[in-house]
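Across the two complexes that follow, chain A remains constant while its partner is chain B and subsequently chain C.
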Partner chain A sequence: MRSSALAVACAAVLIAAPGSVRANPLDTFGFGSRESAMGGAVVADTWSFAANYYNPAGLISAPGTQMSVGYFHAAQHLQVNGLDNNVDPVRGIVGGLVVPGKLLGLPLAFGVAVHLPDDRLSRVHSLKDEAPRWEMYDNRSQLLFIATNLAIRPVDWLDIGGGVAYLAATRARMDISGFAVIPPGDPYDSQLRHEVDGDLTTVRFPLLGVRIHLSDRVHIGLAYRGESKLDLKFSAYLHGQVGYDLIRVPATYSLESHTYDVFHPRQAVLGATWLFHPRARVGLDLTWIDWSSYERPISNSSTRLDVDTGGLPLVIPPSPKPTVAVDPGFHDRIQPRVGVELIAVRCAHFALPVRAGYVWDPSPVPDQVGNTNSIDTDRHTFSLGAGVKLTALLEEIPGDITVDVHAAYSVLPARKVYKENPADFVGDYEASGNMLALGATLGLGF
Partner chain B sequence: MTRRLSASFLPHHARAAAVFLFIGAGAAGVALAVNACGVRAPDSHGDENLPNAKAGPFRVLRAGEAPPQDRTMPYALRRKGTRDPCALDIDGNPATPDVRLYVAASDRSYPDGPPVAILAFEAADGRSFDPKTEDATVLVPSEAWEEGRVGAPSVLRVGNQVWMYYDAAGGIGLARSDDGLHFTKVPTPVLTADAAVAWEAGATPSEPSVVQVDDGSFRMFYVAASSIGEARSLDGERWERVTGGPAISPVAPPDFPTPDADSVYEPIDDVRVSGPFAVMGTSSLGRRILRVYYAGLNRIGLWSLGLAARYDGDGVLQRAYGPVLGNLYAPKGPSVVFFDDFTLLWFTAPEDRTKPDSAPAIGEGVAPATVSLQLPGL
Partner chain C sequence: MSPKGPPPLAAGALMLAVCVAPARSAIASAEDLFGYGPASQAMGMTGTAAGSGFETVYTNPALLCLSHERKLSLGFTGAHYALYADGPLAPGDMHIQSVRGIVIGATLPMGFGGVLRDRLTLGVGFFTPTDVVVRGRVLYPETPQFGVLGERAQSVALQLGLGANLGHGLRAGGGFAALAAIAGKVLVATNESGQVGTKVDDQLIATYGPILGVSYDLGPDYRVGATYRGVLDARFAVEIVVRDLGSLEVPPFNIAGIAQYDPRQIQLEAARVTGPWRAAIALTWRDWSAYPGPPEPTVLCPGDKPDCAALRPPPFNFHDTFSPRLGVEHVRDAASGVALHLRGGYAFEPSPAPQQSRESNFYDNSRHVLTAGYGLHLSDPLPPITLDLFTQLHLLLPRTHTKDADIPADHPGAPSTKTHGSIVVGGLVLGVAI
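So, the complex of A and B:
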């Protein structure tokens, strides 16, 4: 009962607390060494802190309270026309907690998980519509992830889980007033005052999961991850005088910019795990990803310049046309994943599992024949891993100590882009690349 | 089989949990400290070596990008009355930016008058042209049909020779040279007015730009009336106009899809197009592209530089999505040379940007705009 209260209390506090950020380095590189080594094909076969991402219903299968901490580093060697674009690596601490218990006689479990980047907490990068960028890997992977979930087992053959995650939204305003010197005067002679007002708000979105135990050896899992996006709004207002020397012209300039960044599409995962041998299991997942709803991190902006020339024969440039992001036209995708786990060695206090996995991540990005330049290719990821599991090693730790490691190598086969307009400023290009992710996770079970 | 947490063994686990949490919290704390406690996050990357056709947009050169240090930028050449530049890569090697710049020049005592000579200036870095170069003249009027003027040079390498097309009062002429400095003229113009071409309205063709395409034939783009026409030739001397209207004509693009009543979107070339410069290039995937840079005048009197292009040597030219150089310097008469790492642009601009009627000079720009040009020896 005490553990149940603890689980409920933790969940209540974390679900109510704003300020966390959830994003998707996990989509790309996986979460937890065991699950990453199996290609993420674990929607029906996860019970550690990683279940907070793959399937919250899996939390209920945790054999006891579990704490985990780990680290992973993913190097991205992404190239265009044979030249490396030096896309930032993704790395950070992963970890979490699973606390199972009972509430009113029903099995209940609480979980929390975090991915904490160790070079920056988050990064957003808003570009012009036509600016080339690795759409999937430039900054979508550069965010803090926190998720909290609850799971219950209402009947023996059914697990249900769900939770809440958060997204931070930013609104900012900048007011500038004073005298702006324009060429041929020296702009450094400008006397301007500015005021910045920023606001952070949160957006919640759901994580849901179900597991069905068809038998002791066959399990089916279904998970849903909601859509999220970072809502960035910025406005600037300049009011004052513009000119040089004795020429001073009253002017106002306003800028409104609205950007959605770090878009994370809705996902639905259906998968199954088959324990085809007492020491071996295989998992197969299919993930539907709602990429057709994708919104590119493009600034929708408008500006307006009003200048009172007082009848002077001055040529005032017209206000530029407002920028509106082009529909990226992404396609929904089905992403297959397969993973296997084999207990190579097992004795009373020791087990040595080995794992392998594969993911085919078809690109949702259409051929960039027009003005936009979202660089992306298909991705084939091959993963390997192993673990050491020590059981009842110490009196203080009657449960398990696990150490899991994994390596995942992704191949991004070459994709050629031929522009329809020969006057295109970016022109034809060929994109390709590879990624190498390494990680380790230490787990402690009671 | 399944163990559950119970109060009875909590004390035993507490020590281990404390150690474990201490390690985890310590690691997380270090990461947070790096992020949030005064240590600046590393610079972001991901935008290096991104694809760029290096065809524009250009930025003008900045102070310090061309010697001498006190050179007034973006003027590559300020010699009274010079205009209509045409650049030639001297050694034809895109790894080295050594350039000979041919310009039309008016009488220095009458810099706004018609061009009466073609001059050549050289710079090993493509930027440090010396306006005081002696004996820079490479072509002067000598034929009756020229009526005392030569201008708008278009220079290209053909085999071991350098050919120069130029405009004069009676049409477009051709001169050939073995060294690019001493030219021998073809005595008659190679393209003259043709009253049968309706859109030219009987105007004498001017401001030629000639390029040799992959099959060895030539294409000429020239100005007549307010448009740019095209002609083709097998030998560079006998030209045949391409029928079907001008290659580039002033046209207002369709209204912006979501017009803002308070905003005015001005096209760059809805009144006049002029000063074509044609150049062959290759895309990153090996497709051949014929690009035509040109100057455009819009309805509020602003000049900008535009780009139209087509794959291979023939066909319809498609405009770029935006100007390659804006109207700040009222640029006209572009010329472009592609090098390995960047592309240089020369253009005619008023020598005083704030006085559009001031004498012409030669401005210079570079693409991609993110490139920083280093001075030689630095």
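So, the complex of A and C:
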């Protein structure tokens, strides 16, 4: 900083804004058209790229190398007191790769999967504590998901898989210096400059899975997904001088802010699949979700401003009170899922599976009777889907070509919130809504 | 030259010393500085015509179609800096932090039949520093810094490519490299109850740079290749808005800059690709003259006053560079299913930065790059495993930056500063065909 130019120094801004990759859009809307159509009840019955999310152990069952790419769009019509809250839709590309093989005689498979949102890789968006927001479905769904996994089959009846999902966190120190012009001068004539020292760091959480083949028709699956959250720290210190023309006075300004955002809870899934007919199967999963560890995306903030006015006609506000986030008091939940698949048509080079599923997603959010307004309701999701599988259709494409489509409709029944304080700034309200997710996935097998 | 290559213990110790060096700070895009892939990095960063395996996703995607096996590769690489700026008002040792990272690569032949059999191969190349995705340092111009070598971003390299054999010795390929950029807004204000609140909207955005390549076989022994890489940059942009400061009205702060930048470039190469002795010679053009420099204005002029007096960063005035490269490889079949590869190379990397005679101290030096490497490739009847090691020594040509007469005597870097130093790079990659 050069003394000739120094009037304001705004220093030590530290942002740690994990901006990244979490599984929330997959938790909410599923991953892959086949698996989404079956309500996600596939922990014991997945072998495509979607196994990277549902159960990495399933990768080992891929019949050959598979490449998949697809697209999905989920419209969210979430309302409070009958008025749509314009929660952003979630849309993006999904895809992945499964490469099975053998190493020293041991069956082994490698998988990569990605959910790539259209507009951005991720979004961290924190609000004030009392601001109403759809806690589960707002920016929590604006996330990139990337996972890599390995699976092995040490014995014929056991598959084991595991890997890592990646997030990216932001950490940056910023420094601003120069001459800050204040009214009656023009602030845009300020002679300011800055420097940045920032990192986009990696955040990883584990994915683990096991699959046990009790028989040719009955399989049991167990999967674990670790916790992740985006930690947003922001602190600033401003010191120096402000003024206009030749008038300059010393000033200091400090800011502290700390936020957790887009929390992804720890999950454990236990499920089974029963092939009750050569052309039909049913799956049932139970997912435990550690919502009691949830931390709300609220900024705990404090600031302090000191200016030696030196006779200048400046109006300086008192230092505001710091904010402290309230414990959200979420509860753990067990989420049941059920899915069925029926091969409606099958011949030498062609198969047509149809699928259906259901998920009950009980809300972990307690009644919002106080100052907080984390809006949420239970969610019932009904899904349908179908696929086309073409085998050895052309000489150039000796493997399988699959096209799967799905649709999922979620109903969020009305939930009424009654405030304890009749003078509450927000007041009583009723929340409800629905969602419609559509998707398609193209697969190519070798 | 011994057909068995350098003593494995010494090479391993060198790699280990480099790889475990503590990582504390920022460097430039690793693949642009040091190349990508153990064979290319051992052969003077060639590979546009001589390359093979997953590393061609960067060196020349057209050559991916030479890979006919599904292969996964995993490795570790590191770089240690010893860069200096000596002078009356210079810091001496720049304490550039070392970098270490993981290399992951894969080749996946597309199992088509008929006329497409063995013609298409997909490749993935990934380098990630062990603790960051992108590191961006946008420092004040007068702060002494090695902007190209040490102060650009330490950065992940994610590359995806597809190579096609078009027949008659002609191949073509394409792909992209991806980076993450950051855009956001921070609003500081006071709420109705007198509590301060911050609203933060931070978004991670992907940026892409294309990679295109062609190669042509000149008979069974020789090949020529060309690769084009588009600009790959990552911008850091956060707007900070502070309200409720009484009569202290301040403009929005545009905290923005280019955190990482790889210029547009073209590499041409000719190589002998068969026989026990193989070699490649290449020339790389980099469009550094298009580099805007890292910083952006802190205060952006409003639309109704586009000529406000807000400060603007000084121009950087980089110029284009041409980098000659040379690589040699000796291949020896030591036993049934055992091939040994001994590699060496040289490259000259001219500096795109002008002498720092004004206020800025954005240092850069031209470099001699000496490279070496060793590969052990097993095949049937042995397990299909490969192990490749490489090392590089970057020697900076000493350079003196003399300030103009009107620069204050107490300005950093005045009256003159001599910059010099070296960089040691090393790594190893294990590959398995499955």
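Here is the rule we go by: the second predicted complex is superposed on the first by the 375 of 446 C-alpha atoms of A that agree within 3 Å, B and C clash if a C-alpha of one lies under 4 Å from a C-alpha of the other, contacts with A are read in each partner's own complex, and residues count from 1 in each chain.
Methods note: contacts are C-beta pairs under 8 Å (C-beta built on N, C-alpha and C of every residue); 3 or more make two chains touch, one makes a residue touch a chain.
Please read all numbers here as calculations on a predicted model, not as lab measurements.
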Chain B versus chain C as contact partner of A:Leu390, first or second or both or neither: neither
Touched partner set for A:Val99, first chain B, second chain C, both or neither: both
Touched partner set for A:Asn373, first chain B, second chain C, both or neither: first
Which of chain B and chain C A:Phe425 touches, first, second, both or neither: both
First (chain B), second (chain C), both or neither touched by A:Ala251: second
Partner chain(s) touched by A:Phe446 [first = chain B, second = chain C, both, neither]: both
First, second, both or neither for A:Gly399, with chain B first and chain C second: both
Which superposed partner A:Gln191 touches (first chain B, second chain C, both, neither): second
Which superposed partner A:Thr65 touches (first chain B, second chain C, both, neither): both
Shared chain A surface residues [contacts with chain B and with chain C]: 2, 64-65, 67, 99-102, 116, 120-121, 123, 125, 130, 302, 315, 320-322, 394-399, 425, 446
Touch list for chain A against partner chain C, complex: 1-2, 10, 13, 15, 17, 19-20, 64-65, 67, 97, 99-104, 108, 110, 112, 116, 120-130, 144, 168, 170, 172, 174, 176-178, 180, 182-183, 186-202, 232, 234, 236, 242, 251, 253, 255, 257, 259, 299, 301-303, 305, 307, 313-317, 320-323, 394-399, 425, 446
In the complex, chain B residues that touch chain A: 2-7, 9, 12-13, 15-17, 20-21, 23-24, 27-28, 30-32, 34-36, 41-42, 44-53, 55-57, 256-260, 262-266, 283-285, 287, 289-291, 300, 307-311, 317-321, 354
Contacting residues of chain A [partner chain B, same complex]: 2-3, 63-65, 67, 69, 71, 79-81, 83-88, 92-93, 95, 99-102, 114, 116-121, 123, 125, 130-134, 137-139, 184, 302, 304, 315, 318-322, 324, 371, 373, 375, 394-399, 416, 418-419, 421-430, 444, 446
Chain A partner contacts - residues on chain C that touch it in the complex: 70, 72, 106, 108, 110-116, 122, 124, 128, 131-140, 142-143, 180, 182, 184, 186, 188, 190-206, 236, 238, 240, 242, 244-251, 253, 255, 257, 259, 295, 297-299, 301-302, 305, 308-311, 313, 383, 432, 434
